Every structure is written in structure tokens, then in C-alpha cells.
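Once you scroll down, you'll see the structures, which are given as C-alpha cells.
Common to both upcoming complexes is chain A, partnered first by chain B, then by chain C.
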Partner chain A sequence: MRTFAPLIHGYWYLLRGAGMTLLMAGASVVPATLLGMLFALGQIFGGRISRAAIVTYIFVVRGIPLLVLLTFVYYLLPLTGIDLPPFWGVVLVMACYYAAFMAEVFRAGILSLPQAQWDAARGLGMNRRQMLWIVIFPQAFRLAAPPFVNLCANLIKATSLVSVVGLWELTMASREIVERTLAPFQIFIGAAFLYFCMCFALSRYGKYLEGRVLAGH
Partner chain B sequence: MPDTEPGRMATMPRLMLEMRGVAKRFGANEVLRGVSLSVPRGQTVVVIGPSGSGKTTLLRCINMLEDYEAGIVAVDGVPIGYAVDEKSGRRQRMAERAIAAARETIGIVFQSYNLFPHMSVLSNIIAAPIRVKGVSRPQAETRARELLAMVGLSDKEKEYPARLSGGQQQRVAIARALAMEPKIMLFDEVTSALDPELVGEVLAAMRQLARDGMTMVVVTHEMSFARDVADRVVFMDGGVIVEEGPPETMFSTPKTERVRQFLKRHNDRYRI
Partner chain C sequence: MPFDPNFIRRLLPALLEGAEITIELSVLTIAICLVWGLLVALANATRGPLAWLAAAYIQIVRNTPLLIQMYLVYFGLGFAGLPLSGFMCGLLALCLQNGGYVAEIYRGGLQSVSARQYESGRALGMRRWTLYRVVVLPQVIARVIPPLANQGISIIKDTSQVAAIAVMDIMKVAQIWVESSANTYDVFLTVGLIYLSLTTIVSFGARFAERRLAFVA
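Moving on, here comes the complex of A and B:
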């Protein structure tokens, strides 16, 4: 039991770190989702220019590691004179980064609906807005829910990167305790466990949603 | 016949549907090659023809689910899709909103039912009347229950489509289309995807509809239905109407060789 004493002493600190991780993930998921939906719609229904712009954006963002993007913005922001607290700077980067992946998830959800559903909606005299809100979105969101939840789990894990630019969250908290206690294994096992719990809960939820989609609800 | 001219609002045109010279191609494939079809108010026209002859495309052009390159379509004297300019005589595509509004007057039922799987039976039926037509919810529900009773599904209003048989889903689809109070109903092989023992219940609903005076265009392989219900049978092949006439003469003494052969092959296949 003595081996795990550092973990037991530091658990409250780690939990607070986990809280910060969730806060950061939550703050990023909301704008990432909204932006992702916007991109998906722009890509499907937009004109040539907006489509090309979105495709390019997604292509570029998906080709850059998040860590590089975070570091880049970390050094870039002060030069532009924009006075953004580091927390919001990180949220901005995470949101823009994950929006590209969200866009793909929502686009796939919308496009995987059979043409017949559009035909039925149009055949009843619905205009574009009505078709989308009454028939397409409710089904597309259901289809997109499982991959969306997986992406959220992915985003939670990715927040561990922000300790590199000096933001305090679970990984940073763990490192601080390790520096004091010199017990890296125990502490990081604790941190890994906390990450696992957060993501496991989400992926269970994702599986549950997937089951519902397959059952046709 | 000035009272049937599309684009001009006549008081009570005799023709409920008028198509003139409709031509449609998919790439190099000319699927409709100048089809003209008129359906008088309250009549049922049955369209038959071999696979790929353009029957589905014809129906989809009537309510502009498919755009077409030439020709015009009017329902109850009101153009849908393209209007003809009075002065220049040129054909002009109507605004998307106007087309959507015109579609309200045309009910369509598909081979694959196409119910909205995320909505209950009742919601499937009342969604468009409420959201598109602005009917009040209680009024829409009352009408929906009448229609469900008519197709014999009163006990299913809370059910989801996935839990219904094909025949039941198709009858809900008919009720859904009727809930918009259309002036004309289009049916595209609505029994083709059904198990044989479920075909009867759907055809019965359609017979009832025809008796009640609905104007209908029915694409089907059910020759007995055509014989009993059709006021006129239209035979399509290669994107044109080859022959049309009352069912008695079409089925007993067809004028063209193509119809004769089609009916012969058809009878060989469906008679045991």
C-alpha cells in the first residue's frame, strides 16, 4: 500500500486536474460542434466557392498535428497583439481543429440518408428548410451520434497536449505531483485511470446510441 | 380548348392533369421523348410498360421530383415546374418556392413507402399538414385518424414504421399523401415490394380512393386492378406512349404488336 501513498495524497489535486480537463473539453466541444455543422451544411448545400474553401480547410487541418497547431498559435498570438487568455486561446485552437472532424461526421450523417427520404419530403410540398428540420436533421443527428461521441472522447484525450503550452489540466497536474514526489508510475497510472474513466463513459454512451440507431429508433 | 391551357386560370378545367411534350434525359439516355398525357377530373389512368420504359420518371416529372428539358405540366390548370410566358411563349422555370407550393396539390406514393422512420405513424401523417399547410394540430390529428380508419390502421397511430408490415407501411404512406388533401394522386408500383398476401389490402385502399372520385395516375403491374379500376390504360415503351385506350380494348384487342407481346409475356409470367 505504501507504494501508492503519493497517489493517495495527490488524488484531490489530480481530480481537480481532471475537472479542468473536462471544462476545457466542454468549452471546445460546443463551438467545434456548431462550426462543424456549419461546415457540413456549407459543403453540401453551399456554392462552389464556399464548398472549395471548406474542403481546403478540412484537408489542411486534418494534415496538421494538433500539437504543432497549439504551439504555433501559442507563439503567434502575442505577435498579433490579440490579448486572449491562454485558456480561450487553447479553446479556440481545439474548436477550429475539431470542427474539421465534426464536419466530416455530420456530412456523412446527412449524406447517408437515402435519396428516398428527400423525395418523400419534397413530394409532400416541403421546402428546403422544412425538409432539413423535419426529415433530414433528426435522422442525420441520430446517425452521426455514435461517431460524434467517439470524437468527443478523442478530444478529451487531446487536451493532454495543452500542458505543453503551459495550461494546467490533468496531465500538467500529474507532472507537478511527479516532480514533488518522484513517483511517476503511480501518479501517471492514476491520471491514465481518470482519462480512461472519462472516455470509457463516453464510449459506452456511444455504443448505446449506436445500438439505438441500428434498432431503427 | 382554351380552358385547359396551362398558365391560364380557368374556372374549372375539365382536365385535372395535363402534360404536354415532356422530354427528359439522363445524360445521353433519352428517358422521356415528348410524352403528352391528360387525365380528366376524377378519373384513374393506369400506366403499364416494360422495365426501363420511363414510367417512374414520368411520375417524378409530374411533381418536379425530376427536372425535364422540354414540355409543360399543369394540375387543375395551374402550371407546376414550368410556366409559359404569355408574350414570348417561352417556357420558364418557376421559383423553387412556387414549385414546392404546387407539389402540395399532388400526392405521391413510392414503391418503397419512404415513411419517415424517426416519426410515429400519426406524426408521419400530420407533419406536412401542420408544418407546410399550417393546419392546426387538433384538426390535422382528426383528419389523420379519419384517414387511418379509411386504410384500416386505426390501432397503429402510435407505432413506428419499422414495426409495421410492408402493406401497413404502404397504407400509412397513402394516408400521409392524402392528408395534404391533394387534387391528384400518383402511385408508382406501390405493391411491387410487397409480399403477395399483402398486395390486396393496399389495392383495396386504392380502389376505395378511385370510387371516392380521386384523380389518379397509377403505375402498376397489377393487370386485374387496371382492368377493374382504370378509366384508361396507357402503355409506355422507350420513353413514349405507344398506345392508350379503355382497359377493355387494351387488354382484349390491343392495336399494336408491342402491347400484344408485352401482355402475352406478362400473362405467361404471372399465370401459374
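Moving on, here comes the complex of A and C:
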């Protein structure tokens, strides 16, 4: 029991850190999703130029570590003189980064619908807008839901990186306690447990959705 | 002054030295994970406590951030009286986390071969080894290469996190140069390009491997 005393003393601080992690992930996931959808649609229906721009964007973002981009913005913001609070700077980077992955998820969802769905919608005399909103999107989103949820779990894990550029969340909170108590094993295991609870719940939910998608076919 | 060729000429050797560490870490992690992931996947496919252990391992490493795992290994082992170098700790954490992902990729590949394939092979009078070599493995390899390539890219990007435990990889070198020169644009542009070329090499290599290995008995 004694060995875990630092963890017991610090658990409230860690929980608050976990709350901050969730807040950061939640604030990032919304713009990332919207931007990702926009990219997916632009890539499928857009003209040559917008398609090339989106493909290039996704290629670049997927090839560069998030940590590099976070650090870049961390050093860049003071130089540009933009008065953006660090929290929103981080949310901006996370949103732009994950938008590329979201785009792939949604694109795969839309493209994996059989051609017959498009033909049938056209056969019913729907225009493009009706076709998308009534026939394509509801099915595509259901297909994209499992990888989307997994990506969200991934995003929660990735928020731990912002501690490297000095923002306060679960990883930063655990490092602070470790510096005070010199009990790295106990504290980091506590932090890992909290991350596990958040991500495991999400990935279970993703599995459940996957089962439902498979059952539907 | 951004985009100063003289500055980049001085910066490049230092970054390439960091890139050497990054490449070493990536190659070692990928090589170890290919084997370790297979062992975990095979353990997971057995019945009994071993499978349970493998499943628990996969869930735990996949649902906690790499950074926390690195801290746990780096600070935790140090306190437990087993101090490893930052490089070894980073390698250990990278292999722990990505081994879980690779195991899941193998599992998905094995499961995607339907039971009928085995039955037909047996009906043709194939021995077990022939069945695997001629029927099962080519299909598994074909399905496993694209996700493995993605994992390889993700591993290269993940290696940037060893900067947090003071390993002199590209990321750490970049941080030092930014802080001493304040030439944010040049440093990060070069770093981004180096990472991008490393990840691009992997995805081209994977495409080549796919053409060569898939469906070749």
C-alpha cells in the first residue's frame, strides 16, 4: 500500500489532467471531422486543382510527425505575433493534422458503397444533392463509423504529445507529480491506466460498431 | 532571415546525424516488430492462458500513449536499478507499442483467408506445409503488406518522440538548432522534408514489395 501512496495522493491531480486531455481531444475532433469531410468530398467530387491540392496536403501531413508540427507552431506563434492562446494553437494543429486521416476514413466510406446505390438513386430521378443526402451519406457514415471511432482513440493518445511543448494535460500532470514525488513507476502507471480507460472504451465501441456494419451486409 | 542557403548548409550535417539515429531506430523497430508481432499473433491464436496474455498485451499497449510508455521505461527502469540508455529505452517502448499493432495486422491477414481455402487445399491432397506455402501465405502477404507499410510510416513518425527522453534524433537536433538560431522556418522545413522523404521511401518500398511478393508461391 505504501508504495502506491504517491498515486493515491496525486489521483485527483491526474484526474483533472485526464479531464483536460478529454477537453483538448474533444475540441480538436470537431473541426478535424468537419475538415476531413470537406477534404473527402473535395477529393471525390472536386475539380482537378482542388483534388491535387487535397492529395498533396494529405501526403505531406501523413508523412510528417505530429510532434514536428506541434513544435513548429510552438516556436512559430511568437514570431508571427499572432496572439493565439497555446491551447487553441494546439487544437488548430491537431485539427489540421487529423483532418487528413479523417478525410481518408470518409473517402473510403463513400467509395466503398457499391455503384448500384448511385445508379438506383439516379434511377429514382434524384438530383445530386438528394442522392448524397438521402442515399449516400447515411450509408457511408455508417461504414466510416468504426475507423472514425478508432481514430478518435488515436487522437486521445496523441494529445500526450502536447506536454512536450509545455501544455498542461494528463501527461504533463503526471510528469509534475513524478518530479515532486520521485515515484515514476506508480504515477506513470496511473496515467497509463487513465489513458487506457478512455481509449479502451472507445475502441470497444468501435468494435461494436464494426460488428453492426458486418451484420448489416 | 528565412530560407537562408548558408544557414541550411551549416544545419544539414547536424540534422543528417540526427537522421542517422532516426533511421537506426526505425529500421530496428520495424525489424523487431515484424517478428515480435508474429509471435504475439501466434500466441493470440492459441487456446488457453497464452492467448489471454497476448490479448491483454495487445489491448494495453494499443490503448496507452507511446510517450507514457517511453517515460515508464526510461524513468521506471532507472529507478528500478536497471538504467538503460535513452536509445535502448526508446527502442523498447517503440517495439512494445508497435508490436501490438503489427500483431493485430497479422491476425487480420490470417482471418481474412476463408476456411474454404484450407478445405480446398486439403481436398487437393496438399500437405500442411504445402497448403500454407502455396495457398494461405501468398494471400496473407498480399493483404498484410499495405497495413504493414502504414505501420512502418507510423513507426518512423513515432521515433520523433524519443526526443522527449533526450535521444539526439532529428527532432531533438532540430529543437536545439531552433533554440540557438531562432531560424524556425529553415529548420522545420528541412526537418519536414527529411521525414517526408523517409516515409515516402517506405511507401514506395511497400508498393514494390506488394508487386513482387503478393501471389508468388
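Miscellaneous remarks
We take it that the second predicted complex is superposed on the first by the 216 of 217 C-alpha atoms of A that agree within 3 Å, B and C clash if a C-alpha of one lies under 4 Å from a C-alpha of the other, contacts with A are read in each partner's own complex, and residues count from 1 in each chain.
In the analysis below, a contact is a pair of C-beta atoms (placed from the backbone, for glycine too) under 8 Å apart; a residue touches a chain by one contact, two chains touch by 3 or more.
What you see is a predicted model, and the numbers here were worked out from it, not measured in a lab.
Which of chain B and chain C touches more residues of chain A: that partner is C.
In the superposition on chain A, A:76 makes contact with chain C only, not with chain B.
Contacts of A:67 after superposition on the shared chain: chain C is touched, whereas chain B is not.
Judged by the touch definition given at the top, the superposed model places A:195 against chain C, while chain B stays out of reach.
In the superposition on chain A, A:119 makes contact with chain B only, while chain C stays out of contact range. After overlaying the two complexes on the shared chain, residue contacts for A:178 are found with chain C alone; chain B is out of touch. By the document's definition of touching, neither partner reaches A:88: not chain B, not chain C.
Using the contact criterion defined above for the overlaid structures, shared-chain residue A:135 touches chain B, although it does not reach chain C. Chain A has no residue lying at the interface with chain B in one structure and with chain C in the other. Across the complex, chain B is touched by residues 116-117, 119-128, 130, 134-135, 138-139, 142, 216-217 of chain A. On the side of chain A, the complex with chain C involves touching residues 60, 62-68, 71-72, 75-76, 79, 153, 157-158, 160-161, 163-164, 171, 174-175, 178, 182-185, 188-189, 191-192, 195-196, 199-200, 203. Taken in their complex, chain B has these residues touching chain A: 60, 63, 65, 96-97, 100-101, 103-104, 106-108, 110, 112, 114-118, 127-128, 131-133, 160, 162, 176-177, 180. By the touch criterion given at the top, residues 59-60, 62-69, 71-72, 75-76, 78-80, 153, 156-158, 160-161, 163-164, 171, 174-175, 178, 182, 184-185, 188, 191-192, 195-196, 199-200 of chain C touch chain A in their complex.
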